[in-house]
Amino acid sequence: MTMKKPINIGIVGTSFMGRAHSNAFRQVSQFFDLPYRPVLKAACARSAEGVRAFAEQWGYESTETDWRALVARPDIDLIDIAAPNNVHHDIAIAAAEAGKMVMCEKPLGRNAAESLEMTQAVERAGVRNMVWYNYRRVPAVTLAKQLVDEGKLGRIFHYRAKFLQDWTMSRDLPQGGTGLWRLDASVAGSGVTGDLLAHCIDTAMWINGPIAEVTAVTETFIKERKHQLTGEVAPVTIDDASLFLARFANGSLATFEATRYARGHKALYTLELNGQDASVAWDLHDLHRLQYFDHRDEGRVRGWRSVHISDGDHPYMKHWWVPGLQIGYEHSFTHQAADFLGALDSATPASPTFREAMATDLVTDAVLASARSRQWQSVAG
Amino acid sequence: MTMKKPINIGIVGTSFMGRAHSNAFRQVSQFFDLPYRPVLKAACARSAEGVRAFAEQWGYESTETDWRALVARPDIDLIDIAAPNNVHHDIAIAAAEAGKMVMCEKPLGRNAAESLEMTQAVERAGVRNMVWYNYRRVPAVTLAKQLVDEGKLGRIFHYRAKFLQDWTMSRDLPQGGTGLWRLDASVAGSGVTGDLLAHCIDTAMWINGPIAEVTAVTETFIKERKHQLTGEVAPVTIDDASLFLARFANGSLATFEATRYARGHKALYTLELNGQDASVAWDLHDLHRLQYFDHRDEGRVRGWRSVHISDGDHPYMKHWWVPGLQIGYEHSFTHQAADFLGALDSATPASPTFREAMATDLVTDAVLASARSRQWQSVAG
Amino acid sequence: MTMKKPINIGIVGTSFMGRAHSNAFRQVSQFFDLPYRPVLKAACARSAEGVRAFAEQWGYESTETDWRALVARPDIDLIDIAAPNNVHHDIAIAAAEAGKMVMCEKPLGRNAAESLEMTQAVERAGVRNMVWYNYRRVPAVTLAKQLVDEGKLGRIFHYRAKFLQDWTMSRDLPQGGTGLWRLDASVAGSGVTGDLLAHCIDTAMWINGPIAEVTAVTETFIKERKHQLTGEVAPVTIDDASLFLARFANGSLATFEATRYARGHKALYTLELNGQDASVAWDLHDLHRLQYFDHRDEGRVRGWRSVHISDGDHPYMKHWWVPGLQIGYEHSFTHQAADFLGALDSATPASPTFREAMATDLVTDAVLASARSRQWQSVAG
Amino acid sequence: MTMKKPINIGIVGTSFMGRAHSNAFRQVSQFFDLPYRPVLKAACARSAEGVRAFAEQWGYESTETDWRALVARPDIDLIDIAAPNNVHHDIAIAAAEAGKMVMCEKPLGRNAAESLEMTQAVERAGVRNMVWYNYRRVPAVTLAKQLVDEGKLGRIFHYRAKFLQDWTMSRDLPQGGTGLWRLDASVAGSGVTGDLLAHCIDTAMWINGPIAEVTAVTETFIKERKHQLTGEVAPVTIDDASLFLARFANGSLATFEATRYARGHKALYTLELNGQDASVAWDLHDLHRLQYFDHRDEGRVRGWRSVHISDGDHPYMKHWWVPGLQIGYEHSFTHQAADFLGALDSATPASPTFREAMATDLVTDAVLASARSRQWQSVAG
């Protein structure tokens, strides 16, 4: 057994995504045999007390309260950005310029202009980079991608995706503030478009290729809310719902929808592709299953197959337990960490790189533009 | 187009099963091209007013209030027994002796002794006969039978069936009385054993062959109830629940369960077979679907297929609508009528004949005997 | 028991919808206690032999081969139009002018202009009229409507509907011709827009009110097909897929999609509404179930309820069997016939009248216009 | 933030359960705020090379190749037994006598006699002890227990459980040998009875109280297999399938079934309770859902609720992610570790203790005895 080479991680952000990334880094070496082993070197957040508690809980060796100090540390190999969207841009560029590898929570920037500058920075610096579009690494979704790539579905006619939540429906919910930056467009960039639709778009283009054009509508159902920090009632600036029709470059048609006003759905990300010969469907509420229909099956016993993605021949699953035993949401991040580390010695970096992830921002920009202009919008590329 | 030959029906019983059988006779000629056409000649029930209303509603040409008068009528070709269990025996034997064809609602007799006499009567008279074990004719169940017969499942290891209801759980429900004869063992023969388990057993033996031996337990959860007719509180004589383990002649093992105390289940009849190569499962609450698993499918996309039984190559379904459009419970009876009429000119009568249906009574007798003796019981045969 | 008054039916069309309507008229009196009883007086189709066979099978007393002759018959009270879309207009107007009640298969006209003339004709004549948007009468859909009307869902934020099929995907399928008029835009008016989307739109507006504006895209995936009648390869004129986003008058947002290129889906009509307090969802492949989510349930045990619509307190269901026993597609028509007949003596006619159904054609016109113009389109009204 | 007190773990066994337990000990401190923190002190297995690799992968500080040496080490606080069933007895007793806390993989002993001696040893020594019946700690199962304890279901009438697998169906599978000790009765104690049924029984009695009596049948479908170690074809000594009917002390009736010959089922552990007022059902293939039916719901919208167990008010779930994001199988062990550590300072130890787990062995002994005697068997206790 050869010793693994350490990769010293410095993470910025200690909230939900800080936990999810840290967990991935802590878990990956027990389940995947990789040439590199992540070392939890330093955690960074503005609150000194908060970051110390986080570091102790997750096993980080040290803490910082200023991300610039973290970026400047020579013992850090990789900066992992798990902070709100509005700081992605500056941290990523500074980290790249300091020669660090950069991993960034999605969306890359608040818009494609930010993303382009970030992409140029990492490419100029020649550092490895990746964006945490974790749902690609749900084994069932990875399998869907494999089936499409192998041609099992044949020509694709339809794609449909939606991401439905209901957690912001109360009138009493404040906007912005601690733990609520997703409700503040100046921080987040947009509402559900950048938050939820971005996931749908990333997976869609990964599996089905580029989106050519869109027609969209967005809505903010509750127009004013009290701001948590200022206490003042102010117009809500985020989109609560965002829907669009799309035509892919391959000619297939699509519906996309994201909303936080779909009562009864906690985080229901669904996707489906219909091809000439076969179809696949998946949803996040039963993420360990893939629905598969094959028209080549004998007619009398042809039906949608509910495939329990827990066997050794399913993507990633030989690393886990035994058939029938499902893994959870968190391991989409573990898989992403494994793929990133596993590709470090390869010429081909793990996907999605910043450049690949920027493609999603070009679509979300087009969606928001179409919603404003009430016109079909081509996706820049 | 050749004219269909009429079969003059005389029905006894105008309640739930009277309606179900009448509907089947009314519908079958519109959907199936048969050599015979049922004519609703006479309906019989004790209430003159009731039977006249029934006859008008369903289109019967005449009425009787005494089944002996009905059996004696020369214009009747077929006596259909849709009356409570305690009169099956006498009507069937009288009808056979009068040379009528006989169709009888299940179970055939209240016990195997009654069933044997009924069977001997129709065989002695040489008249066509059938018992309405309608669930065999649910297209999904028929398909399951076909798949097993074709060997698609290979050697069978397991059978499991249950029939769960919850309609008798209220303490206020009376026993016996109008519309409640199923709650009176002297009329029904037994509780859920003859009512629900009989369906499970009939289908099981049709698909998987004879049952060799059983060990059983029954229970009456509410021990006393007021009798509707007498008004007196009396011990409840029926079994509310009946469970047994079985070994089939082919070596497979089974669990069977029927109860009217399964809160949340209205009429959940389920069955499943597990074979060497494939498995099938079905339930009555989604009767238009068959679950099918084929181990020969490619591993990565192997899963239970939910087959929507609504295509032209599914049993009976070319006679109905178009793919995707389901049919209801009632047409299990329509199919049984079609099979009976379609086989009249054939040497092989439609199944189950009285003799075939008697096999189920031998099993229910064994179940009740085992529950009393607390011993394994071989099935007589 | 009072005698029912007869309504003499003359039907035009003996194909799929001719069978569905005839079955409804034959069945309704056995299950619903109505003041009127349909009498199958005459069937009309161009083939004398075909219509005679149809009449014998379904019990029509007489036949016609020219609908004008049928309309002229004094013994006919009601003309039921089950013929292709291109003849709806002329037959309906003639029937109205002859003073007959008119029932018409959907869509009413090939476009709103035709529908308007038909509507004016029946209103001018003062005759009862209805369009067979049968899915309203699926009990689960009716229940969804009731729940929304009662305010159980609160303010509606989202509506989504799709109708997915896959039966036209083969390149070898001809266009137009016998039994294939739905593939010929000159006969049908449009492709899936008028065929499938029309159902989605009718139900949507019935439950959720008027649609204000739409943005749409349509596609014809296989551009040329051989015409069955001429044998020549010609451009396909129908839309294979039709998708649109909509804003309802009540402010809710919607996605709509219909296609015949969704491999694996036979006739998957789905709908869902998300409200402030509750949500409902339904699909045609399990038409006897309604999915219901109520946010007011206790949090720990809150979840989507799969309601088996087979109890006596569910719409229409007390007329059928017992809890747990599902009914089929065909009875959406039976219920529509029951509602029509049941309302004949009432001031309020059964819905949808021609005028109500015309609203759907205004939306489909807007959808097709938007797909051509690539602009948002307001719905005329 | 107070520092957590360390608990030094010494684990015996490095296979499937060795990984599952180690993962739990590594994960628990990041997600649960506990007074104690497990320290992975030493791993023990017979192969020096194997155990070193395991220790490196999982972060154990040291290794042993003889469990007696491990038990003798003064720096070990807790012996965790993740080795095959035949060594549970000796290790547990030695560990207890050495004053160590003991955690033991299920089943406790190969039979109740072994379990009794183990129980007496830990009780004599006064050391904390627990058996890893992990499925109790699946949040959905814990919630089911809570609902029953709160009286939400009312009087229980029925319990049903099964554990279906299909991984041993191939005739080519050897018996016994490396990684296959579950197929050797001398090591495992029995086949599916102790392996799978034991889980079903533990959960059942935890939720529904003691089992009074059973009638059982077992079967070995393939009678001879080649032994992996000896290479000789020998009679198979384990039970491939084990089924029983039971009566609980509370009067409810049950069916139990476990098999490795249920084609299509990987690890389908299912359970259901039917009560007077409500019912619950759960299965391991969708372990993050609980099915709940409440008869007190309004009739029209009453149905089985599919509860997605991922909210903060669900058992254990506030420690994980956000609503809608499921956790996997492995965290049933994490929860068990959390409960064990969290109860160390409490008078009441975490359940199931050895004594509580021994109750399951009394039932499995009764099941095997009934299968041999073909008699109902009372459960000793």
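All chains are identified by letter, namely A, B, C and D, in their written order; residue positions are counted from 1 within each chain.
We adopt the following convention: a contact is a pair of C-beta atoms (placed from the backbone, for glycine too) under 8 Å apart; a residue touches a chain by one contact, two chains touch by 3 or more.
The structure presented is a predicted model; accordingly, all values stated were derived computationally and were not measured.
The greatest centre-to-centre distance from chain B, using averaged C-alpha positions, is reached by A.
By the residue-number overlap criterion, the interface of chain B with chain D counts as same, with over half of its numbers used by both chains.
Note on chain placement: the centre of chain C and the centre of chain D lie 55 Å apart, centres being C-alpha means.
Our note on geometry: chain A versus chain C, Cα centroid distance of 42 Å, whole angstroms. Note: centroid distance chain B to chain C, computed from Cα atoms, is 36 Å. Contacts with at least two other chains are made by residues 265, 289, 304, 308, 311 of chain D. Remark: chain A residues 143, 147, 289-290, 292, 294, 297, 299-308, 311, 313-314 touch chain B in the complex. Against chain A, the residues of chain D that register as touching in their complex are 1, 16, 20, 22-23, 26-27, 29-30, 52-53, 56-59, 165, 167, 265-268, 284-289, 308, 310-311, 320-331.
Residues 153, 157-158, 160, 162, 164, 166, 169, 215-217, 219, 221, 241, 243-245, 247, 251, 253, 255, 257, 259, 261-265, 274-279, 293, 295, 304, 374-376 of chain A are the ones touching chain C in the complex.
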